[in-house]
Structure formats: structure tokens, C-alpha cells
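Chain lettering (A, B, C and D) follows the sequence in which the chains are written, and residue indices restart at 1 in each chain.
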Amino acid sequence: MSENTNSTALNYRKKQRKEEMKQQLITFALMIAFTIVAFGMVMADLSKLFIIPILLVLAIVQVGFQLYYFMHMSHKGHEMPALMIYGGMSVAFLTVLTLTVLVWW
Amino acid sequence: MSHDHSLNPEVMPENPEKATLEGKNKFLGFWFFLGGETVLFASLFGTYLALKGSNGSGPTAEELFGLELVFIMTMLLLTSSLTSVYAMYHMKNNDFGKMQLWLGITVLLGLGFLGCELYEFYHYIHGEDFTFRSSAFGSAFYTLVGFHGGHVAFGLLWITTLMVRNAKRGLNLYNAPKFYIASLYWHFIDVVWVFIFTVVYLIGKVG
Amino acid sequence: MKGWMGKFRALFLFSSLLLVLSGCGKENLTAFVPEGYGAEVSLNLIIISLAVMIFVILVVMIVYTMVLVKFRKKKGQEDFIPKQTEGNKALEVIWTVIPIILLIIIAVPTVTATFDLADDSKAKDSININVTGNQYWWHFSYNKEEIQTSQDLYIPTDTRVYLNLKSSDVIHSFWVPSISGKMDANPENENTMYIEAYEEGVYWGKCAELCGPSHSLMDFKVIAVSPEEYEQWVQDMKNVDPEAQPETASAQEGQKLFQENSCIGCHAIGSSPAAVGPNLTNFGDRTRVAGVLDHDKETIVNWLLNPDELKPGNKMAGNYPKLSEEEASKIADYLLQLQPSEITPESAGNE
Amino acid sequence: MSTAVTHKKGFGAFLWDYITTVDHKKIAHLYLIAGGLFFLIGGLEAMLIRIQLIKPANDFVSAGFYNEILTMHGTTMIFLAAMPIIFGLMNAVVPLQIGARDVAFPFLNSLGFWLFLFGGLLLNASWFLGGAPDAGWTAYAPLSTTSPGHGVDFYILGLQISGAGTLMGGINFLVTIINMRAPGMTYMRMPLFTWTIFVTSVLILFAFPALTVGLFLLMFDRMFGSGFFDPTMGGNSVIWEHLFWIFGHPEVYILILPVFGVFSEVMSTFAKKRLFGYTAMVFATVLIGFLGFMVWAHHMFTVGLGPAANSIFAVATMAIAVPTGIKIFNWLLTLWGGNITVNSAMLWSLGFLPTFTIGGTTGVMLAAAAADYQYHDSYFVVAHFHYVIVGGVVFGIFAALHYWWPKMFGKILNEKLGKLTFWLFFIGFHLTFFIQHFLGLMGMPRRYWVFLPDQGLDTGNLISTIGAFFMAAGTIVFLINVISTSVKKQEVAGDPWDGRTLEWSIPSPPEHYNFKQLPLVRGLDPLWVEKTEGRKEMTPAEPLGDIHMPNNSILPFVMSLGFFIAGFGFIYQVDDLSWLTAVFVGMGIALGAMFVRSVKDDLGYHIHKEDLEKGAK
């Protein structure tokens, strides 16, 4: 590989990263917005049945942002990490579900 | 091939954290560890949810929690997540100084978060007489939030150690994976916090 | 009920056969001879699943034997390299589908039976008994009738009796194999199950959840009597006078000792709810002392002198002043004459 | 066991070598020795149980002591014997089977072992320090939270420490299998043992955290006054049951899957056939692992979860019979049409098939919730799980030891003694446990210190105890075999069984770098592929070059020792706060060692090409 192609490749990569950084900033803005919405809804004292599902959805989307944008799970080479994270999440889901539903008074 | 190839690479490759076999292993192993941590925190969340009504004669979640401080803490931690993204951005551009700078900011934000949390606990214990031993709810609350806080503290220690240790010698293929997984860990802490502020504080407040 | 009884006869024959094969279990204890509804439902399910399992095991064993007979290395063929087969789609489908069918055959009655045994829709109109597990004894309180008793649970035959199980300390499990399967008594919530005995009898019950050193000594009895006898028992128990004077002098002194030595602080006689120790209202009618020991004066004296030796870790030991042998004997006399009812285990045809 | 080289070095150096080693083959030896010792201890406890139950109302041991023995028997066998021995096998074999020079994290590998060992020692120290845990291996609260003395504290800290080691092992093997396979070794060419270890590691990764949390909560309740399981504070003991079984059920598959792998290897080797239905076997393994996480409440049918939950978990549990059945029939068909050599390793495998089928089918019977109301916590359950655990896991371990002994130690175990071991153990096993199915239904609950006379339980228990003595005899014959083999002078070639997989393509025992040149894998059963084409060795995938090796380290030992000391501190600070010093000292040592580890570069070293060539004959 000659010096030249090497550096153009490097520049290209740099540019790509800049693009990505921009995306991440947008993600961040969204996360902040979501958080504010979540807190706002609770402070506004809306109906419980209405808020709780929305709160959970907001949280899940935020976590998706973290995983896919901040932790780069969308990049290639993350197949196994994704598999194990989803595996962990399924077990986590069952665990939380059981402990909320099947421990009774 | 010299011994310290990974310490003095001629060129930084595109993904320095995954350029060596050791790096690849660390990267993968750490992700898997996070998969396990997911179950760990799920068990704590489940326990908390099962016990959050058991406040005995003490305050309920709704009476106890205030949202202002939690909001500030959330902002601090979310921002620190972004700053550690910046740090990794500069790592990939092989700009060690900027990476250290952003990591430093991350640590400061984390410290802020931890400070708020300690203040909150102090307030509950001395102001509200709500402790680890008050009721099953108390035990579950402090355990869940405390486990997260412990993770934050460990993360701060870890990142600081990495920064200090490598301050003089800069970035190389041996420490790049270490920086990278520390930042993954930091994001994960944020992921857990998102659920804590949603499930514990916000839903707790809603009742 | 009649249909079930018919089947029950057939089952009885089958299970007797099993018992012969297995060298017998104790009647009134074994789950192989169901004497109650729950045990019968469970045994039906056991037999269905056992039949399927025997079929599965037979199939495996037949193939296995053929393999061992036909394909062991033979003299002169040491170097024979068999064909390297990769697999066989048809076979694989067969041994996936057939087990699924077999499992459905078990799953359907399982689900039916599970819902059947959990049915408490009629609980309101039936006899309800609160059962409390304690280290290491059982307490029964008939809430409608204000009757309190321990260790021996009297129930009428052919009637569904609902039990509300709870524990006062650690987890216990209520099990009377010949009448019904078990249900845990948890410390923080109440579990409901029902039992129904077909025939009069005294059935052995056991604690089935590890609860401490004397876990294996936490036996109790279910005494099933005819509904008329049960009614009478209820009347007798309701009319108990806790202060009644015993007849013999020794027993009278025993009564005094019983009160002075603070026995009464933990135990109770009459319908006041029990606290730390078993209710002794009908102690004289018991089949066993402390659940497992022979019911005679000597044993009771020994028990009073040194309960920990007979039942390690029980909560009576050390909680009352030391007794002389004479005192113990008097207390035993007092206790043995506590026979408020004519309905006793004998009425059910003892053991 | 010891090579000539180590002898020359003297015993001190030999010991130091093992304490600091990061070589997976030596760590395997450590796991096998420690696990083997714990197996003997657990077996001794089993013998005490059986002697106590030889006749009704026996008073050979006291009631409290019986509970300690039975708790320690279960805990020791599962956590300190079966799992570590399996870890030993996977350390010995997996890197060789995938054509790797090492595991992904050699340092963590060593740390995992020392954590397990120190955790196990801590647990067993309880015997000498006022009494062992006595709440059953399941440690149900509130019995465990209220159990007097320190027994349960030892249980908590011992398992916490050794559990951390296990989790590391799991992650390590996952990464090893994913990242370190030799060129050409695709996933669908991996030997079945490697596949089962892969799935097992996933199970470890997701199951152990639940136990970790459960143990923490138990610890907080016992030591720091929290109220998770204390009903008076609003706690709920059912949470512990869930957490324990969310871990506990996958745990039993963590035990059984690796030996499924072992049997697959042994049967195909000695039938001289490739594994029948390889793809289906892989699929079944994954499916068992997957389903294993959805069935835990079948241990809780009598807790009162309600008929809907019970039914769901019952049906989910039954579903596991399908993939397991696929395995059983694939093994039978592997043997079908083969040219079967029946040696010791094969005997254990052949003994396994009917035994495990019985144990598995009784498992499905247990899964029928309404019937389980009768079986639960009775000897029927004891019979079931010994049929699958002893008839599956222990038989599998014996099969694996006979099969891989030459690879690990360069010597073949004596065949005559091997067969004697098998027959004694096999007969004893069925004598002991078959009758227990009936005992259970005849009304004998488990965890009973005594059973009463006149309840029809005498004969069955007597037979059961007699059987246990046969098993003990079998075990002793095996020990004799091991000792006499290791003192014998004997040379074994790399490939004594005409093997099929990569581990048989290198010398026995292998060099510490395993493969001089990484092999090129050209199919399933790579060595067999080469053999059918008339070659005796693997084709290398790379030219001879320098080999990078990790440095030995004492730090894992030090770290584990630190946790061990801190463990004592935690246990005794309840009585006397000055024990907190031990907590600080211990944690200080452990954290200090971690600190050293993280600031000191550990780049390993290289074995040079020239030295490798010199070594070549």
C-alpha cells in the first residue's frame, strides 16, 4: 500500500467518524429530550395507566440508543455481543416478570 | 517481530481496540460480561419490584422520592456517556491528549453523580429515617441503587487508573482495548441508570 | 363420584400389584393406595405418565440391545471401517414427532388435574381449617367452630375440607400421601388446598420441607371419621371446659403443676389460640406424643424431663423449670385424662 | 503425572510451577485433583447419609449433624466436585479440539481455579469452626436466614467466591471458542464436546448472576440486618426460591451438557463412525440450553404459584424431553452399524444410555405438576436426580477420564481395573437409587434424619445403603487404578484410540504450546478426514514461526487468598467488629493484586522458531 492511498483512506475514515459523531450528537439530544418528557409527564401528574407504559417505552428506546449508537452495536463485528446481550435481556425479562407476578402476598 | 510491537505500533490501525488478538478477546469477553451483568441487575430489579410495597410503617416510594435531584443526576450521567463517546472518537483518531481530556470530563461528571447519590442517601437516612434496615423496601432500594452506585465508583477508579497509568506513554495497541472496554462499561452503567430512574424513581413516584 | 369409584377399584388392583412388586408400603402412608381425592388424581396421573415412560424406555432398550448384540467388534473384523453415515432425515423426524405426541398425552391430563386440584370455588360453603406449621408441630384451627387443636386433624369423610396453610417460622410442607399431595406452608402468605378422604381411617402426615433438625419428626395424623361422628366431635370440642377438675388426685396435682410451671404460657387448653406450643385440649386422645413417639405415660414423662433428646431443637426444651420425675408423672396423668370427646382415633379404626 | 523435567526441578519448583501456571493443561490437572478430592469428601458424606439410614430410627449421627452432612453432600458434589471436574476436562480438551495454543484469558483461567479452590476450602473450613451449613443445598429462607451459628455464612461466602471463579471460566471459554479456532474450524465443524462447552458457558454466563444476587441478599439478611426474606419486615422468602432456581435449573444442564459432549466423542470414536445427525445434535444442545431457562419453577410446584403458572412451567419442562430424546436416538444410531470396541470408556457410555433414559423419564414424570404434589421433596426426587446426575454426569466424567487420560497424562488407565470399577459402581448405583423411587411414593420425604420403624421403609433403605457400599468400592478401585498407573513407566503414542478430532493429532501429553503449527481443518472430525486420505498428521495452516505465550503469575493465587481471608472477616465480624480488620486486610490484598495486575504490563514471551526446530526430531 503506498503512502498516498493510505492517507486518503485515513481521511475517508476520519470523515466517516465525523459523520458518525454527528449522529451521536443527535442521539444524545434525543435522549435528553426523552428524559425531559419522562420527568415532565410524572411531574404533570397524568394518569398512571397512561404514563407507566410510555415511561417504559421511553426507557427501552433510550437503552437502544446507548447500545446501538454509543456502544456501536450497530457496527459489524458485533454479532456475538448482540447475541449475548439479547440472551441476557431475555433471561432478565423472564426474571423480572416472574418476580413481579409470581411473588404474591 | 519485536516483543513490544503492541506497545510501539508503526501505524494505528482503524480499530486499535481490536487490532490484536488480546484486544479482540477483551472486547468480546467484556461484552459477554455485560450480558451477565444484565441478568445480575435484572435479579435486583425483580427483587425491588417484588418488595417495593413492603415499606412497613416507613415512607412509601411516593412519599420518599424527590425528582429534582434525580433529574440532575440523570443529566450528569447521560452527559458523561456522551463525553466518553467523544473520548473514544479521539482514540480512533489517535489523538491521545483529547482522549484523556474527555475521559477526565467523564470522570468529573461521574464524581458529580456519585456525590448527588451520597447526598440523597444521607438525606434519606438522616432526614427521613429511611434506612437499609427499615423494611424490606428499604433493603431492596439501597441494594439496587447501591449496586449501581458501586458500579459507578468502580468505573471511576478504573478509568482514573487507566488515565494515570498511561498518561506518559500515550496510546498503543496494548492499552487501546483497555480504554475501549472501560468506556463500554461506562455506557452500561448509564443503561442501568436509565432503568433505575424510570422504574424506581419515576414509576415509584407515579405509584 | 360413582364413575371415579369404578375407576378407583381398577386402580386399586393395579396399585396393589405395584405394591407387591415393590415389597409393600405402609397402608395409610403410601401414595400407591389412594384413600382420598387428591391422592387419586395424582396417582392417575402417575400411572398415565408411567405407562408412557415405560413405553419410551422399552423402545430405547430394544434398540440398545440390538446394537449391543449386532455391532460389537467381532473376531477377525478388527480393522473393519463402518460406513460413515451423516444422518437420516426421516428417522429424525420420527423421533422428534413421536415424543411430542407422547408428551401431549401427558400434558393434557396434567393441566386438567392441576386446575382441578387448585379449584377453591366452593371453599366458602365448606369446612375451612387454618393450618399452621411450626417447628416442629402442626396447629389446626377450625375458624367457623372456634375449635383449636394440634397434631391430630379431624375431618369428616367424603367431604371436601379446605385447608389454609401458613407457617409461623420457616417453610413447612403439609403432606398426607394417602389422601393428597403436598402443599407448602409459607411464612408470608396463605396457601389453600383441599383434602377429601374416602374412608374412615387414621392417615399419616409428614412435613416435607426441611425445617430444622427435627424435620423428620414432625409427623401428624389426619383422622377421618363419618360426618355424624365429626359433628359430635365438633360439639364435644366446643363444649370443653378448660378448667375442669380431673378425677384422680395425681391428675389434680398435675393440673396445678401444669399451671404453676408456666406450661400454660406456651400451651393452651380449650379454644384459645395456641401461641408457642401445641394446643393440648384432646391430648389424651392423641395417637402419638410429639408426633412420633409412643403414646404412653412413660414416654410422656421422658418427654417432660428431656424433650430435646427426643426431638432435637424443639422450642419447649429449656423454657420451663426443671421437673422432678414425680412432678412429670403427675403432669402426665393430668394430660392423659384430657379426653373431651368420645370420638377418638379408634372411632376411625386406629392406624 | 509429572514429567521428567519437573522432577529434576525439585518439589518446591514443581509446586511453584503449578501455583503460578497459566497453562490450561496444568490448570486442568489442578481442577481434576481438587475436584477429585472434593468428590471423595462428598462421597464420604454420602456414605454417612446412607449409614445413618441403614435402619429405622438410627442414631449413628445426630439430627443437627445429619442436616449438615446432607447440605454439604449436595453442595460439595455440585459446586466443588462435578463442576470443577468438568472445568478440568474442558481445560484439558477444548483448546486442543479447536486447534488453539491457549485459552483467550490464561490469567483469568488461573484466577478462576484459585477462586474455586479457596471458595471450596472456605466452605469446608466450616466443619472445624463450629458447624457446617445445615439448610440444604438449596438454602431456603427463612431456615437459612435463621439458622444459628456460622454454617450458612460459610455457605454464602464459599459459594460467592467459587461462583465468581466459575463465571470467569464461562466467559473465558466462550471467547476462546469464538476467537481462537484454528483456520478452517467453522462452527459446524467443531467437535460436539466443544459445542456443549460453548452452550454450557452461555448457561453459566446467564445463570450464575442470579445466584450471585441471591447470595448477596442472603448475606445482607444474615449479616447486616436487611429484610429481604424476613416476613416481619415485609420480606418474602419466595424471592429466594425463584432466584435460586433461576440459577439452579440451568445449573443442572451446566452439569449434563458437557458430558453429553463427552459421550458423543467416546461413542463415535469407539464405534468408528462419525456422529449420527451431527447437525441435529448441535441444534438439540442449543435448544436444551435455551429451554433450560424457562422451566425453573418446576422445583416450586408446591409453593402455591397457582394452577396457571404450574401448568405453564409443567408443559415447558416436558418440552425438554424432545431435544434430549433426539440426542439419545442419535447416539443409538451412531452405534448402529458401527464396529464397537467395548473398553472402560465405552462401558461407562453404554451404562449411561439406559440409566439416563430412566432418570430423564422420571424427570418428565416429575414435570406433571399435579403428580409432583406427591413426588416433591420425597425420595422419588432423590432417585430422579441421582439417576441423571450420577448416571449422567458421574458416568460421563468416568468415561471422559478413561478416554482422555492418555492425552492428559501420557498413560493409559488399566483396563481390567477400569472394568471392575464400572461394574461395581454400576451395580451399586442401581441398587442404591432404583428402590428410592418406591421409597418416595411409599411416603418417605427427603432430608429425613430418621425414618420410623413399621412404616414399610426398612427393606428399601437397607438395600439402598448396601448399594452405596458397592459404589464406594468402585471408587476405591478407581483410585488404585490411578495410583498404580501413575507410578508405572509407560509411553503412549499421541493417538491411542485411533481418534477423530484434533487433540489426537499431537503428542501425549502435548507440548506446552500445544501445536507447533496451527492445523488446517478441512472438515468435521479433522484428523479422521486426514486419515481417510492416507495421511497420519494434520496439514499445517501456517509456516513454522515464533509462538507467543503468556507469562506465569502468582497474582491469581494472591487475589484468591485475599478473598479467602476477607471471607473469614465477613463471617466473624457479626460477632466481633475487630474481625473487620480481616475484611480490610483480605480485600486489600485482593485489590492490591488487581492493581498490580492492571498497571504492570504483561506482554508474554515468545518461543522462537529456532528452538521449535531444535525440538523437532
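The working rule: a contact is a pair of C-beta atoms (placed from the backbone, for glycine too) under 8 Å apart; a residue touches a chain by one contact, two chains touch by 3 or more.
In this text, all values refer to a predicted model and were calculated from it rather than measured experimentally.
Colleague: Could you tell me which chain's Cα centre is nearest to the average position of every protein Cα atom shown?
Modeller: Of the chains present, the most centrally placed is D.
Colleague: Between C-D and A-B, flag the pair that has more C-beta pairs in contact.
Modeller: Contact tally favours C-D.
Colleague: Which integer distance in Å separates the CA centroid of chain B from that of chain C?
Modeller: Each chain's C-alpha centroid was found; their separation is 52 Å.
Colleague: Using mean C-alpha positions as chain centres, tell me how far chain C is from chain D in Å, no decimals.
Modeller: 36
Colleague: How many angstrom lie between the CA centroids of chain A and chain B, rounded to a whole number?
Modeller: 15
Colleague: Give the residues of chain B that touch two or more other chains, as numbers and ranges in rising order.
Modeller: Each of 28, 32, 35-37, 39, 43, 46-47, 50, 53 in chain B touches at least two other chains.
Colleague: On chain A, where are the residues touching two or more other chains?
Modeller: Residues 80, 84, 87-88, 91, 95, 98-99, 103-105 of chain A each touch two or more of the other chains.
Colleague: Check each residue of chain D and list the ones that touch at least two other chains.
Modeller: In chain D, 174, 178, 205-206, 210, 235-236, 238-239, 242, 246 touch at least two other chains.
Colleague: In their shared complex, at which residues does chain B touch chain A?
Modeller: Touch list, chain B to chain A: 11, 14, 18, 28, 31-32, 34-39, 41-43, 45-47, 49-50, 53, 67, 71, 74-75, 78, 81-82, 85-86, 89, 92-93, 184, 187-188, 190-191, 194-195, 197-199, 202-203, 205-207.
Colleague: What residues of chain A sit close enough to touch chain B in their complex?
Modeller: 6, 13-14, 17, 21, 24-25, 28, 31-32, 35, 38-39, 42-43, 48, 51-52, 55-56, 58-59, 62-63, 66-67, 70-71, 77-78, 80-81, 84-85, 87-89, 91-93, 95-96, 98-100, 103, 105
Colleague: Please give the residue numbers of chain D that touch chain C in the complex, ascending.
Modeller: For chain D paired with chain C, touching residues are 62-64, 66-67, 134-136, 140, 142-143, 146, 231, 235-238, 271-274, 276-280, 302-304, 306-307, 310-311, 314-315, 318-319, 321-322, 325-326, 328-330, 332-333, 335-342, 350, 353-354, 357-358, 361-362, 364-365, 367-374, 376-378, 438, 441-443, 445, 447-452, 454-457, 459-460.
Colleague: Please output the residues of chain A touching chain D within their complex, sorted ascending.
Modeller: 80, 84, 87-88, 90-91, 94-95, 98-99, 102-105
Colleague: So in the complex, which bits of chain B are touching chain D?
Modeller: Contact set of chain B toward chain D: 1, 3-4, 6-7, 21, 24-25, 28-29, 32-33, 35-37, 39-40, 43-44, 46-47, 50-51, 53-56, 132-133, 135-140, 143, 161-162, 165, 174.
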